[in-house]
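Once you scroll down, you'll see the structures, which are given as structure tokens.
The two complexes that follow have chain A in common; it is paired with chain B in the first and with chain C in the second.
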Partner chain A sequence: MKDLRLHVIVVGLLLLGGMLLAGCGAEHRFIKKISFKGTNQIEIAFAGPVDEKWAKNVENYAVYEEPDPDILLNITDVNLAQGGKAVILTFESDLNQTQPHLVTLQDMMAEGRSMGTALLTVKKLYFGYLFSILLGAMIIKNFVFTKYLGLCVFFGTSQKKSTAVGMGITFTIVMIASAMMSWFLYQFVLKPYRLDFLQIIVFIGLVSLSVQAVDTILRKVNPALFKAFGVYLVLVIANCIILAVPLILANSEYNAWESLMLAVGAGTGFLIALFLMSSVRERLELANVPPTYRGLPIAFITAGLFALAFMGFSGMSIF
Partner chain B sequence: MDPFLIKLAIGGLAVLGAIGLLFGIGLALAAHKFAVKANPKVEEVLEVLAGAQ
Partner chain C sequence: MPVTKKTNKQLFFNGILMENPIFRLALSMCPAVGISTTVMNGVLLGIAVLFVQVFSSCTIAAIKDYIHPRIRIPTYTLTIATWVTIIDLVLAAYMPEAYKAMGIFVKLIVAFAIITMRLEMFAAKNPIIPSFWDAVGMGLGFMFGMMTLGFIRELLGAGTLLGHDILGVRPLLFFILPAAGFFCVGFIMALFNYVELVFKRMKEKKD
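Presenting the complex of A and B:
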């Protein structure tokens, strides 16, 4: 058992390392680093100083987004930095940094010698991208407070902290299982056979399948946890976030890792929302609320205030 | 009818049927493997109780 855990950890670390390495890397020996800078700039760092005459000539650069090789991006300005060891390309419009960009440097000249032509890929660190999906689903585009999804379960189980946390954890587990299964089925079965119009039926089936599977397995493997989850496990089926995530995944071009991050983010975002709400509602029990507002009405007002507070995150971008 | 649509419909039936069958068998096996012996007396007592809650 211990051996198996060790294996899982080692494999996980290897995968993470691989993803990190995939994020950065310059393919030419004379190029040290290439990265996005600001919204409309690319910085290229060289191993040694380059000739100013070569560097200042815009003709020597060709930059395009990976999917469209025929659309060259317009470079308005080229600046030398770090004593000629770095070049900053400024573009006419903002770069779409979610796409990898290909940069061609024609016949690089350094101290009068030609260094050959370099073809470079510049992309954002993949890890950072995954993290931004996670935080986006969790906080910036929180499903409860910005999209108003899953409200019935949200109000139903946020009266006590313990039930809220239990529901949140159950929800996260079921969410990850069903989102990954539905991503797989959509990408490899529904899409190739052009059956994507059946997605809702299939996704609902998958959600109830994963709830039933977790129910059956947990009942035997961990009865204590099963008792703690109690009725919430079945309630998960009635939550619309769990159906929204597979539908979002079906509409976007996310790969397995990105889908996993979205599912984890949606689950933990729901957990956070439930925890915050239950903390407030526990205190509201002791507050002197006017009789007409007692119970659900004041809870709705609180949720509205939370939504206002979460609006403060809107439009934020990380990495 | 357009033969393409007929093909699509039959394909959809086959694929959904296959998915349903596969997962149904999977769930049945899981239920069999992780079966929990329930005490029949619990059920009987619950039957007799009022059951308002």
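Presenting the complex of A and C:
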């Protein structure tokens, strides 16, 4: 039994490694690596030093996004790096890094010899992209501390750690279920039949339905769990985040995996926020707070301090 | 709660002062923190909430006899969602700039606890005219709360009011930061508590 589990883990890791490697392969023998750099740059690393005269000529490069080959992107600057072994292309505007870009290098010249023409694909790792959506929803754009949603429930259930964890877990489960259902319904029913204007009504109905469904299923399947988490289910509907996520999904054209990541991120982000807040509020119980500030006012000020701290994450980009 | 005995005027001021949705009932906190950076935002969202509150209250008060008690909450939700969809489409068509500034919050009016609470507590038990005045009071109370927050944050953060330069300087840039919304609400709530405490002491002295 243990061996089997080990095998599964090894095979899984190999698959993951293979996928990661496949993402950064370059198609020409003279090109070692090609990747995005910053928001508006592409870096190309060569096997040997290239001629400066060739490299500095902007006309030798042609870059476009994979779906539209007619639109060439404007290159404003070409810089040599690593002693001529790498070239950094700077573009006029920010690159849409979710799309793969095709780069054509005309008649590469290295040490006086022609190395032929190369056609390269540069793209971001898809897993990295998914992971960045997850972390983005969880921490960088935390729904409670940077988008200010779900505050009623947030202040209502963050008095004790046990309550906070229970609420967070229940919320995450319902969030994932309802977000996936609403994504499906929006992509395959509302959009093809041009019923977009019904999205508010449909989403709020779906959310109530999924809360009711989780309630019924949990009651039958696991009564012990229902006893622990059942009280929080009603509160889930009153939480704006549960409605905000389907609306964001409908606006931003995510696919199924990306939607799942956003839903998981929103749920766990709420859990993190609740846990942090309840840890502080448990200590506040023992502190000597002025009578006018007792209860909600001091909780708001604590949340403000958290929000300031979370501002430190803003603008961060991973991968 | 039986049919209300309060006059229309009492109902109207009840929502603005005694049961102010933001500072007294502590409901609908999300927009109060999120987009109260300017007075204009407060006015616009206030109008949207007022519209939804008044129309849903009147609708529910009119059809309350035909709603089975077991499905009353879904009925409230659907009624609110319908009116929110209407105001959402109207704002998007006629005021695109303001609509963009308010972002997702217009659509999220449907999840504001204050509206559902008023339907359950008041409109479901009272005739149309008292429900109307109660809804107007609550909506204006919400608008008043949002405008107070917007006033403080815009004046202290940017030195302007409704876009006009008032102070000429920016006294505390901190208040325009998104996180300052929490502090503002916290301080104003503390102020309300303080006033209540002072009133209590005065009463005790009299006795």
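Simple rule for what comes next: the second predicted complex is superposed on the first by the 222 of 319 C-alpha atoms of A that agree within 3 Å, B and C clash if a C-alpha of one lies under 4 Å from a C-alpha of the other, contacts with A are read in each partner's own complex, and residues count from 1 in each chain.
Criterion: a contact is a pair of C-beta atoms (placed from the backbone, for glycine too) under 8 Å apart; a residue touches a chain by one contact, two chains touch by 3 or more.
Note that the coordinates shown come from a computational prediction; the quantities given were computed from them, not determined experimentally.
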| item | value |
| --- | --- |
| Contacts of A:L185 with chain B and chain C, given as first, second, both or neither | first |
| Partner chain(s) touched by A:G205 [first = chain B, second = chain C, both, neither] | both |
| Which of chain B and chain C A:I217 touches, first, second, both or neither | first |
| Touching partner for A:L195 - first (chain B), second (chain C), both, neither | first |
| First, second, both or neither for A:T146, with chain B first and chain C second | second |
| Contacts of A:I298 with chain B and chain C, given as first, second, both or neither | second |
| Touched chain A residues, chain B compared with chain C | C |
| Contact residues common to both interfaces of chain A (with chain B and with chain C) | 198, 201, 205 |
| Of chain A, residues touching chain C in the complex | 145-152, 155, 197-198, 200-201, 204-205, 208, 238-240, 242-244, 247-248, 291-294, 296-301, 303-304, 307-308, 310-311 |
| Touching residues (chain side chain A, partner chain B) in the complex | 185, 189-190, 193-195, 198, 201-202, 205, 209, 212-213, 216-217, 219-221, 223 |
| Residues of chain B that touch chain A when the two form their complex | 8, 11-12, 15-16, 19-20, 23, 26-27, 30-31, 34-36 |
| Contact set on chain C toward chain A in their complex | 26-30, 33-34, 74, 77-78, 81-82, 84-85, 88-89, 104, 107-108, 110-111, 113, 177-183, 185-187, 189-191, 193-194, 197 |
